[in-house]
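What follows is chain A paired twice: with chain B in the first complex and chain C in the second.
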Partner chain A sequence: MLDILIRNGRIVDGTGIPAYHGDLGIEGGRLRQVGGHLNVDARHMVDAGGHVVAPGFIDPHTHFDAQLLWDGQARPALEHGVTTVVHGNCSLSLAPLKAAHRPRLVRMFQQIEEMPDAAFDGAFEWTWEAFDAYVDALRGRLSLNVAPLAGHSPLRMWVMGEEAQGRAATPDETRAMQQLLRECLEAGAIGLSTSYVDFDENMRPVPSRYAHAEELDALCSVLGDFGRMLQVVPEFYSTDITIARIDQLAELSLAHGIPTTFSPLFDSVTMPANVSRVLDRVAEQFARGARVWPQVQTRPIDISFSFEVASLFFVTQPMWYMILRLPREQRLAAFRDAATRKSLIDAVEAGGSSPWGELRVRDSADASLIGRTLGDIAEERGGSPAAVMIDLSVEEDFGVHFLSASMGHDDPSRVGPTLANDLVHVGASDAGAHIQSFATYGDTGYLFDRFVRDGRYLSLEHAVRKITSETAQIWGIPDRGLLKPGAAADVVVFDPETIGRGAELPVTDMPENGMRYVRDASGIDAVIVNGEVAWSAADGYTEATSGNVVLP
Partner chain B sequence: MTLSRQRGFVTPEPNEDWRAIAARVLPAEPTDAAIEKLRSWNLHLLARNPPGEFTGSDVLFVEPPLEGTGGALPGLDGVPGDD
Partner chain C sequence: MASPETTETAIVDAVVSPGHDGQAVLVVRLRHENGVVDAVTLDAVTAEKVLEACNADSPDALRGQPWTRLLAVMDD
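Our next item is the complex of A and B:
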């Protein structure tokens, strides 16, 4: 008897071959039969009703490091069909991490990934220092699979302490980091992450940025012993620097036989040749035998924000950013103060024009304001868009939310062909991060909605392959990403005519009622992880904890 | 496979400052003039706080943007979309 029998499916098996109709049988957490008509009993029957049956989606760029410790379902990623996530990106991971370094690393997470205090403070018990103990802490609570990276920054902190953010490592320290990384990889780390752009809450570069080329080369030699991934965040705001990073990654890839990936790569009207120049260089390096995978996200860059938190939106406005980081009462007082208010407005609108006129009110107690631009409201009320933003926020006790939409990467005729490119790794969702600036969930649904159904830039089978078997192959994740007998039974059933992402919604489902933005899924029927139904449209989340740490 | 020409760069050696890098990559130039050239080609480092401070992993260009590449972008750390 099978555990699960999925009948009447349109099987898209992850290889890219044309879809075909058939059944799918699951037993003992594995796919037993794929295709054909199965006339056998099963404990659980799923009628796919002609909908697509595909491998579970794999998200290669997330920051669920902390959330997984209180939410093993990584909500709402799972209901979007994601069955495996890579976390620990961008040089930041929660292991290996000495107890004494926890506050420092938490502050970096808060600064870089916009995670609230409540995400770390009392939301889980710190039971580990070493990587293997962190992996043990994850096991048993997971409803989806995880592939954790070891972060370069905590690795440096472990070996160098405070000096990790200030100088080059000595040869002895480099050897100690190599040994520590080796232990992480032996415990199941899927690779190493590093960053060239991030900074801490004091605007100091994170520890990984103090590493000289020799240090990273030494660490990559350890990755080479295991054939594991190096992930980096390059200076994506400059094409020339990104190309320099590609060349560095290519040399590391060739020297040590490792795959490398960088994220993000954006299309932008301010850098119109960025993607083409970067992809040309990537192609040249692949032709040499290097593996340098650019990660490209599917969704446009939208930022939502309120004055409740210091949003990423304000990071290029130092005065605003500084005030938004004050305690709530001081923040409110600052925005109410006439002199401060004027200085803030002048900082944005010097010269008389405002860059914020097209921003919209996305949520307000005054329904008549919702959807209107700040420029429009400013005309009606008098004042300027920045003044309106402040006044509305103060009037509603910071309850009003704003939306800066389509800040880039929003032209489907440019993004679509990029996503379809064979050398592009579809990813970079950032799920679990920036939770108070935008919803990082639903990128997979958006891929099918906008680039398969609407724009036809990718076929259904191509799109499935991009986020399943290709991802597994790039990262060396064994046994997943394909529907074939014997493979792990990670399966998603969805309606290709309706799969998509819902509206962005502010919710308060973080620890201590902390706020974040999420998107619900549409068109997903069921999500199966290692042979157990983890979510279904009919019943929602189940109690299955069949997820596991993926061992490369 | 021949790689197309891209903008030349170096990364700092341990303990190198602008002066040392200038001497390494532009040895024929007077040091102060070489430093000024390097700084003008690396505006992304001058936008930092403190200005001009670089770390061991930074890229330092040793020539101006190549013609036809759209020029250098004096970007800032931490622009929206930053990871």
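Our next item is the complex of A and C:
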């Protein structure tokens, strides 16, 4: 008897071959049979109803490091069909980490990934210092699979203490870091992450940025012993420097036989040649035999802001920008002043038009306003969108947040072909980070919605391959990403006609009722992890804790 | 024989753009002495310092400013 029998599926097996109709049998956490008609009993039956049956999606760039300790389902990633996540990106991981260094690292997480205090304070018990103990803390509570990276910054802190954030490592310290990394890899780390751009809360470069090239080379030699990944955040603000990093990564890849990946890489009208120039250099390095995978996200980039800080959104409106840079009380007084308010509105509407009508309220104490456009609210209240922006901000003591949606990486005719490029690694979701600014979930649904169903830049089979087997191969994740007999039974069933990313919603499901933005799944029927149903549209999340660490 | 004309690297223009973290950034394009145009992305704090250093009240006022002013702020 099978554990699960999925009948009447349109099987997209992750290899990229055309879809075919058939059944899928699961037993003991493994795929027993894929395709054909199975006339056997099963403890659990799933009628796919002709919908797609595919390998579970793999998200290679997340920051679920802390969330997984109180939420082994990594909500809402799982309900979007994600069955494996890589976390510990961007030089930051929660292990290896000495107890004395916890506050310092937590502040970095809060600064860089915009994670709230409550995510680290009281939401879980710090039971580990070494990487293997962190992995042990995760085991048994996971509903999806994890592939944790060891962060270069905590690695340096462990060995160098306070001086990790101030100087290069000595040869002895480098050797100590090598040994520490080796222990992480032996405990199941999928690789090492590092960053060349991030700052801590005091605007000091994070520890990884103090490493000299020799130190990274030494660490990569350890990665080479295991064939594991180096993940890098390059200086993405400059195409030229990013290209220089690509060359550096290529040399490390060739010297040590390791895969490397970097992110973010995104399209913008202000840097129109960025993606093409970067991909040209990536192609050159692949031709040499190096593996340097650029990660490209599927979703467009929004700008979010409030009157609490002076966003560059206002930099083209000098009067607004000047007032927003005033000390808080003076700022509030200026916006409350009737004459100043009128001057600000007049400045925006100088050309006779009323811009900003398409801006949306992202967060407000008045839930009925969230998601509405300023134009819509202005029509209801009277006045202009600019007036509404001021009035709402003053009424809520600057607590209202606004959204200018799809400001970059938003042209499907440019992003679509990029995602379809054989040398592009679809990823960079940042899931679990920036949670109070925007939702980082549902990028996989968006891929099918915008670039398969609408744009037809990728076939269904190609898109599935991109976020399943291709990701598994790039990262060296064994046994996943394909529907084939004997493989781990990570499966997602979805409707190709309706799969999407859902609407962005503010929720208060973080520890201590903390707020974050999420997106509910759309078009996903069921998600199976290691042979157990972890989520279904009919029943929601289950009690399954069948997730695991993908490397032993 | 006349030598090629050279001019100091200068700011071509500056445009507000979204950063990957959802914050607005300022993309400053520079024209180098050899004619190549490249862009540098500034976060809000750095952009504000650059505007102040250039005595500019808007991105448009950065046009033509020497890149050394940008460099001085970024090296600060």
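Definition applied: the second predicted complex is superposed on the first by the 459 of 552 C-alpha atoms of A that agree within 3 Å, B and C clash if a C-alpha of one lies under 4 Å from a C-alpha of the other, contacts with A are read in each partner's own complex, and residues count from 1 in each chain.
Assume a residue touches a chain if its C-beta (ideal position, glycine included) is under 8 Å from a C-beta of that chain, and two chains touch if they have at least 3 such contacts.
On a predicted model such as this, the values are computed, not experimentally measured, just so you know.
**Student:** Once the structures are superposed on A, label A:210 by its partner contacts, choosing first (chain B), second (chain C), both or neither.
**Tutor:** Only chain B; A:210 stays clear of chain C.
**Student:** Using the touch definition from the top, say if A:330 reaches chain B (first), chain C (second), both or neither.
**Tutor:** Neither partner.
**Student:** For A:407, using the defined touch cut-off, is the partner it touches chain B, chain C, both, or neither? Pick first, second, both or neither.
**Tutor:** A:407 sits against chain B and chain C alike.
**Student:** Residues of chain A touched: more by chain B or chain C?
**Tutor:** Chain A has more residues touched by B than by the other partner.
**Student:** Which of the two partners, first being chain B and second being chain C, lies in contact with A:271: first, second, both, or neither?
**Tutor:** Touch status of A:271: both partners.
**Student:** Does the superposition put A:302 against chain B (first), chain C (second), both, or neither?
**Tutor:** second
**Student:** Once the structures are superposed on A, label A:239 by its partner contacts, choosing first (chain B), second (chain C), both or neither.
**Tutor:** Both chain B and chain C are touched by A:239.
**Student:** Is A:168 touching anything from chain B or chain C once the two structures are fitted on A? First, second, both or neither.
**Tutor:** first
**Student:** Where does A:312 make contact in the superposed view: on chain B (first), on chain C (second), on both, or on neither?
**Tutor:** Both: A:312 reaches chain B and chain C.
**Student:** State whether A:114 touches chain B only (first), chain C only (second), both chains, or neither.
**Tutor:** second
**Student:** Could you give the residue numbers on chain A that contact chain B in one complex and chain C in the other?
**Tutor:** 203, 236-240, 264, 266, 271, 301, 303, 312-313, 315-316, 404, 407-408, 430
**Student:** Which residues of chain B touch chain A in their complex?
**Tutor:** Within the complex, chain B touches chain A at residues 1, 3-4, 6-7, 9, 11-15, 44, 49, 55-59, 61, 65, 69-70, 72-73, 75-83.
**Student:** Given the complex with chain A, which residues does chain C contribute to the contact?
**Tutor:** Of all residues in chain C, those touching chain A are 15-27, 38-42, 44-45, 47-48, 51, 57-60.
**Student:** Inside the complex, what are the residues of chain A that reach chain C?
**Tutor:** 114, 203, 236-240, 264, 266, 268-271, 274, 297, 301-305, 309-313, 315-316, 318, 321-322, 325, 404, 407-409, 428, 430, 434, 437-438
**Student:** Please output the residues of chain A touching chain B within their complex, sorted ascending.
**Tutor:** 89-90, 112, 167-168, 194-199, 203, 205, 208-213, 215-216, 233, 235-241, 243-245, 247-248, 263-264, 266, 271-273, 277, 280-281, 284-285, 287-288, 301, 303, 312-313, 315-316, 404, 407-408, 430, 433
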